[in-house]
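Notes to accompany the following structure.
So that you can tell them apart, the chains are marked A, B, C, D and E in the order they are listed, and the count of residues begins at 1 in each.
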Amino acid sequence: MTDAVEFDRVSRHFGTVRAVDEVTLTIAESSFFAMLGPSGSGKTTCLRLISGFERPSSGHVRIFGAQSDDLPPNRRPVNTVFQDYALFPHLNVRDNVAYGLMVRGVDKRARHAAAEEMLALVKLEGYGDRKPAQLSGGQRQRVALARALVNKPKVLLLDEPLGALDLKLREAMQDELKALQQRLGITFVFVTHDQGEALSMADKVAVFNDGRIVQIGSPEEIYQRPRTRFVADFVGSANVLPPEFCASVGAPKTWASLRAEVIGLTAPGAGRIDGTVAGRRYLGPVNRVTVMAGGTALSVDLPASAAAPEPGASVGLTWDEGALHRMEEG
Amino acid sequence: QMTTIGAGEGQVDIVAWPGYIERGETDPNFNWVTKFEEATGCKVNVKTANTSDEMVALMNEGGFDLVTASGDASLRLIAGKRVQPVNTDLIPSWSTVDERLKNAPWHTVDGVHYGTPYMWGPNVLMYNTEVFPEAPTSWNVVFEEMTLPDGKSNSGRVQAYDGPIHIADAAQYLMTHKPELGITSPYELNADQYAAALDLLRTQRTLVGRYWHDAFIQMDDFKNEGVVASGSWPFQVNILKSEGLPIASVIPAEGATGWADTTMMHVDAAHPNCAYMWMEHTLSSNLQSDLSVWFGAVPSVPAACSDGRGMQTQEGCDANGLADFEKIRFWTTPVSKCESQGECVPYYRWVSDYIGVIGGR
Amino acid sequence: MPSDRASLGLKIAAFAGLLFLHLPILLIFVYAFTTEDRTYQWPPPGLTLKWFGVTWNRPDVWEALTLSLKVAAISTALALVLGTLCAAAVSRARFFGRETVSLLVILPIALPGIITGIALRSAFNLGGIPFSTLTIILGHATFCIVVVYNNAVARFRRISGPMLEASADLGANGFQTFRYIVLPNIGTALLAGGMLAFALSFDEVIVTTFTAGQQATLPIWMLEELVRPRQRPVTNVVAMMVVLVTFLPILGAYYLTRGGSETAGGGK
Amino acid sequence: MAALARLTDPLSDLFWRRPRVLLVLLLAPPLLWLVVVYIGSLAALLVQSFFSIDEFTGLIKHEFTLKTYAELFRPANFDIVIRTTVMAAAVTIAAAIISFPIAYYAARYARGRMKAFFYLAVMLPLWSSYLVKVYAWKLILAKEGILTWAVDGIGASAVLNAILALPVIGGNSLSVSYIGTFLVFLYVWLPYMILPLQASLERVPQNLLEASDDLGASRRQTLRHVILPMAMPGMIAGSIFTFSLTLGDYIIPQIVGSSRNFIGQAVYAHQGTAGNIPLAAAFAVVPIVIMGFYLWVAKRKGAFDAL
Amino acid sequence: MTDAVEFDRVSRHFGTVRAVDEVTLTIAESSFFAMLGPSGSGKTTCLRLISGFERPSSGHVRIFGAQSDDLPPNRRPVNTVFQDYALFPHLNVRDNVAYGLMVRGVDKRARHAAAEEMLALVKLEGYGDRKPAQLSGGQRQRVALARALVNKPKVLLLDEPLGALDLKLREAMQDELKALQQRLGITFVFVTHDQGEALSMADKVAVFNDGRIVQIGSPEEIYQRPRTRFVADFVGSANVLPPEFCASVGAPKTWASLRAEVIGLTAPGAGRIDGTVAGRRYLGPVNRVTVMAGGTALSVDLPASAAAPEPGASVGLTWDEGALHRMEEG
């Protein structure tokens, strides 16, 4: 089986800015691949290297094994759902969706039929005659999706497609997208800076920082075994513990991560280390208690049902042996 | 009507044909304003107008003291009560005016004078001497398609005046060439005669690239547009000649229309005293003499030709048409109740029909 | 991006278009230096600088220039006040007839100048108002309003709402808000609008021929001179100077509104 | 300052309590001006079109009549209306075509200094004296003018003559033909088309072009299906100027043209040289009606935002 | 003790839109009050009624007991932190902060000193000379805060002040804001549509819908005992159960809410009801399993450490007696 997309030491520099720096990665066919990273880390540039809007400064991008450096965007078997949808404001929804077919010369009847079918797929039957301006954010997002899918791309690129939606809608769309990807079997490459989104949808996540991939792996790997401080910090509500702290609790003297939900509170002296409660926040399902221990502030998530100690109280902290995860400093 | 002239009001506003009131700007030798201003303290403000219609409009609008109205404007101004009778007793030089002009019908109605004669002259045929080694003898060069002496067609190389009064030139041409129409005056045309004149003008339209409207633009056209013949004023001829261009003029056999202009005074003239002083100045000074040289016109004061006060000479006056007075058919406004026949086509029809002809109708 | 380079055809078309726009202007410049003063001989028989001196010494040029400057300055001032008020009202509130107001402002330039001119002229006639500098100014201010308005309204749109409310919220009354927030923010837009209005008024001829009495603004003077020339190169010298002089405010306006959404000068 | 603030406070409070008062105060001066001076004048003009003039004396008869409008529909006058409208349309279309590459290049490809250069290169001709530009064209187009000189120089006189030999639009020389008038109109109004067009092209988001590209469209298809439709408001805004200015101009066709009247000349001649203000007013109503319709369409297409 | 703000049957209508509809509420002095609700529910309008930018169509707003309907915004003892900060772009940071003092006529020396003090409070010492454009989003937010606080308002209004910030920064600012409020003892009225933000910061939360307050109470009340389906749906990841479902598990036949984290999975037949796993999403700390049971899709959050069943598996669902919370339908 060939990979859908392959980056072979790809760099893209803008002047002195190394937007993408020697990235090598492969994206398996029919997988849901997420690119996660802070703003400016090069995610969009990577996507644009796939779609052909950027060309590598060095290295090669292959799509389904074919070297595609010289293929213009309109000839790549790839379609994009743009971050702000980029719907054509002067065309109605149907014509937006049918656009890709129109420019390929598909006749009107056929392309409208295909467009209606796609609209049904994204649950927008009957909206064909509206203009994009008459749609809500979520509906626009779905039109953008239909417009990309109607071309039957082999790879679908999505650049923070849910960023503009509000929470409820975002969650609903996450489910829909995931289901759609599974149903159609198309390769999805999804860019986001929201780690929850990346974890919950992707088969594989690549974490970007400064134009490089710092870690690539399954959501569980990324969340539970961050390779560096940066990943631990960025991906989850993990406590990043300095080497001194680790040494003081008997672990090897390296940086380590410890997730907030795996820490338990106990009586002072009964845990691995003692601390003082510095604050408490109610988050709904959990109470997040901040404990100062060994010179470090640790977040501890306690189920809301459990009693949370008052600020100022002395507590002991416990965790399972394997929960402390060693990391590189980077 | 005024009975005495008081002190000047400090200025006088005049509507005049281009080239009529010069203060030495175009040519320092021709200046008959500055001295007047110095002598009377009346500053002269001139607004030039290119057609008689424009002059009438300006006078109707008001704000002017005097106008140098041609015959096709003067009667309209009198009928419209835009001008006031002039007391000739207040103008000492009135006595020197050409007898043929003193009671001319274009400014004297029922024995009342509505102005002082200014200048008169023919509408000449201006031509390029390189194309016409010999002066053309007929207006046909501008009315009918023909091959000119240089072997090329006249199409696109002739011009005509962009004013409805040009219909009279056509009518005059027909007086000679289609006598059966029975035209006696080019300004008094019945329906048939008028239709024939328009037909002639329609032919002319095919020959004319652009009609001339403005004396200076016409001069440009002779220089840059390859125009070789056109009805014109001696004014243009003189200037082009002075620039050394191969230009001359002639009054062809059919005769010519002409203008006889009168300085008339607005009913509501704000500066009547200066206005009277100006009228006296136009008759008494070297103005008549110099202007007749400058404009190629004939003075209204015959003495100006010979008394040596200005540049004009008797020969000059003769060349400008002093003796042709009887041959020239002066511009007058066509009216429906005409003298020579019962019913004539009135001027307002001339206006709109001429626009139509130029527009290709 | 690979496709982000203009094709050769586009480049040629664009620059040919620009050339078309500029050759005639260059011609004027050339004629300002010609030694020939009666006809427009091409190519010019020789070049000289003497017409600049001649122009300098012509009192009628100075008179026309003075009048033009006066008219442009006063019309600009009027237009600034009226255009700003109008822009403030329109961007401040939604009210019935708001659309009509913006239409009304645009009308004097959307309708042909001759209509504005003849309308004003006949109104002055009916009203018995004698033609004078005042009537010229009335006309000019009318069509200058829109230039100021366009510039101001775009800027007002940018600062309206939260910023004004923030000022009130912090204790400033309406006048303080105007003084400390609105004015500093619309200042450059007003300056730009004013400059454009000035340049517009300075070059106007069509409306002016109808609303001027016996005075001649510079363009009217030029109209007279072009048709009845005394020293033709002088006209070209004046034209060249006018181009260069109006160019400065345009340049200024461009730099003042750069990066904004206004299109300076778009609404001449 | 604070003391002054205290003084103005009551007024400020009033404006807060009665926002309409402020609105009225703001709107009153400009509206008074525009309505009284401008609309009043237009109304005065309109009223005059219902008068007529005494043909002989040229004085206006202040009685209501539709005679003047009937006059407008006489063939000679109606020709003028048609001629002008056709010219305005031709100029507008040509301006749109020529402007597009310039505006497009300036909007999409020019950056930094190049952009400033384009802006100024459009502004300079726009703000150069209108009269002088027209006159320069007269010299260029004259039979013995620069164009002939240049065409002769490259030995292409046959082409020029062939063009001039065309019926209707040709003529004895470019400066006395419709082609000449058209060229000058086009030249003089071109910047008015470029600027709004460029503004609206600049407003086409880059990502729409990428989306089109991404969906498989060629450049030509993107131009046709995305850029052109989206540049339409700008084009309409520009055409308001080119159309309106052509409708109303009287100087250009007088200096370069075949003496056939345009509406502007007719208005000018009737009010000025002929003193027939009622007919001039009736003529003036024609562009008002045409532009009224045009503005109505433009408004519906959202062109005002591009103005 | 008087209340800081009191709404007495306040309505604000725009044409036919009832942006705020007969709202009655009191905000206690020195409390942190959150207004929570979906877009368009009238939160901003309520805030503007307090600051004076809107006037009630009917009803009265009292600030510290004083009827304030006729008081213009510039005379109310209230300051606002605007959503997009609305900093004055032409003034530097110091002058922005000192603006309120300047218009009150405080002399330059004194107001600059006060401004510097405020900048120190928000940890922006040394930024006084910058223009707002030279600041990052979080820094601008703090300038806006300092600018409002320098006037020593009795009530500080904050309209989604954290909306424009990214996740990490938002969490940090939440902590800072909360700490600041406690330190200064000023009444904070905070508008948000993010329920996590409302729950974690506020002493009291008012949930808005369609211009009305649907529930008002402490974060725990809102989260654990939603009064209506709308609140349950909007505030947390609670399963909303229809009356039929409740009846089938032996509870009273009303609508009820059941939070995802209180449900446990057990063997089929061993729980209160059986169901089939329909999907599974990895969220990091938890796996969210979707179970179809009794005709309803229920979300079940299982700790990531526990094994999550595969889709298609049959499971039993258990929960504690009191976990099922009865609601009104509204």
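Methods note: a residue touches a chain if its C-beta (ideal position, glycine included) is under 8 Å from a C-beta of that chain, and two chains touch if they have at least 3 such contacts.
Everything numeric in this text was worked out from a predicted model, so none of it was measured.
Trainee: Can you give me the shortest step count from subunit C to subunit D, moving only between touching chains?
Mentor: Minimum step count, subunit C to subunit D: 1.
Trainee: In terms of C-beta pairs in contact, which two chains are most connected?
Mentor: The largest set of C-beta contacts joins the chains C-D.
Trainee: If you average the Cα atoms per chain, which one ends up farthest from subunit A?
Mentor: When every chain centre is compared against subunit A, the largest gap points to B.
Trainee: At what distance in angstrom does the C-alpha mean of subunit D lie from that of subunit A?
Mentor: Chain centres of subunit A and subunit D, defined by C-alpha means, are spaced 53 Å apart.
Trainee: Using CA atom averages as chain centres, what separation in Å is found between subunit B and subunit C?
Mentor: Centre-to-centre distance between subunit B and subunit C: 40 Å.
Trainee: Please tell me the distance, in whole Å, between the geometric centres of subunit B and subunit D computed from their C-alpha atoms.
Mentor: 38
Trainee: Return the residues of subunit D touching two or more other chains; collapse runs of consecutive numbers into ranges.
Mentor: 5, 12-13, 16, 139, 145, 213, 271
Trainee: Considering subunit A alone, which of its residues make contact with at least two other chains?
Mentor: As it turns out, subunit A has residues touching two or more other chains at 53, 72-73.
Trainee: So which stretches of subunit C touch two or more other chains?
Mentor: Touching at least two other chains: 3, 40, 172-173, 176.
Trainee: What residues on subunit D touch subunit C, complex-wise?
Mentor: That would be residues 4-5, 8-9, 11-13, 15-16, 19, 22-23, 26-27, 29-31, 33-35, 37-42, 44-45, 48, 98-99, 101-102, 104-106, 108-109, 116, 118-133, 135-137, 139-140, 145-146, 149, 187, 190-192, 195-196, 198-199, 213, 219, 240-241, 244-245, 247-251, 264, 267-268, 271, 277, 280-281, 284, 287-288, 291, 295, 299, 304, 307 of subunit D.
Trainee: Can you tell me which positions in subunit D touch subunit B when the two form their complex?
Mentor: Touching subunit B from subunit D are residues 54-59, 71, 74-77, 79-80, 83, 138-139, 142-145, 171-173, 175-177, 254-255, 257-261, 266, 269, 271-275.
Trainee: Which residues of subunit B touch subunit C once you look at their complex with the stated criterion?
Mentor: Residues 13, 18, 25-26, 45, 47-48, 61, 63, 214-217, 223-224, 243 of subunit B touch subunit C in their complex.
Trainee: Spell out the residues on subunit C that touch subunit B in their complex, using ranges where they run on.
Mentor: Touch list, subunit C to subunit B: 38-40, 125, 130-131, 213-214, 227-230.
Trainee: In the complex of these two chains, what residues of subunit B are touching subunit D?
Mentor: 49-51, 53-54, 56-57, 60-61, 76, 79-82, 155-157, 162, 208-211, 213, 217, 220, 223-226, 333, 335, 346-348, 351-353, 355-356, 358-361
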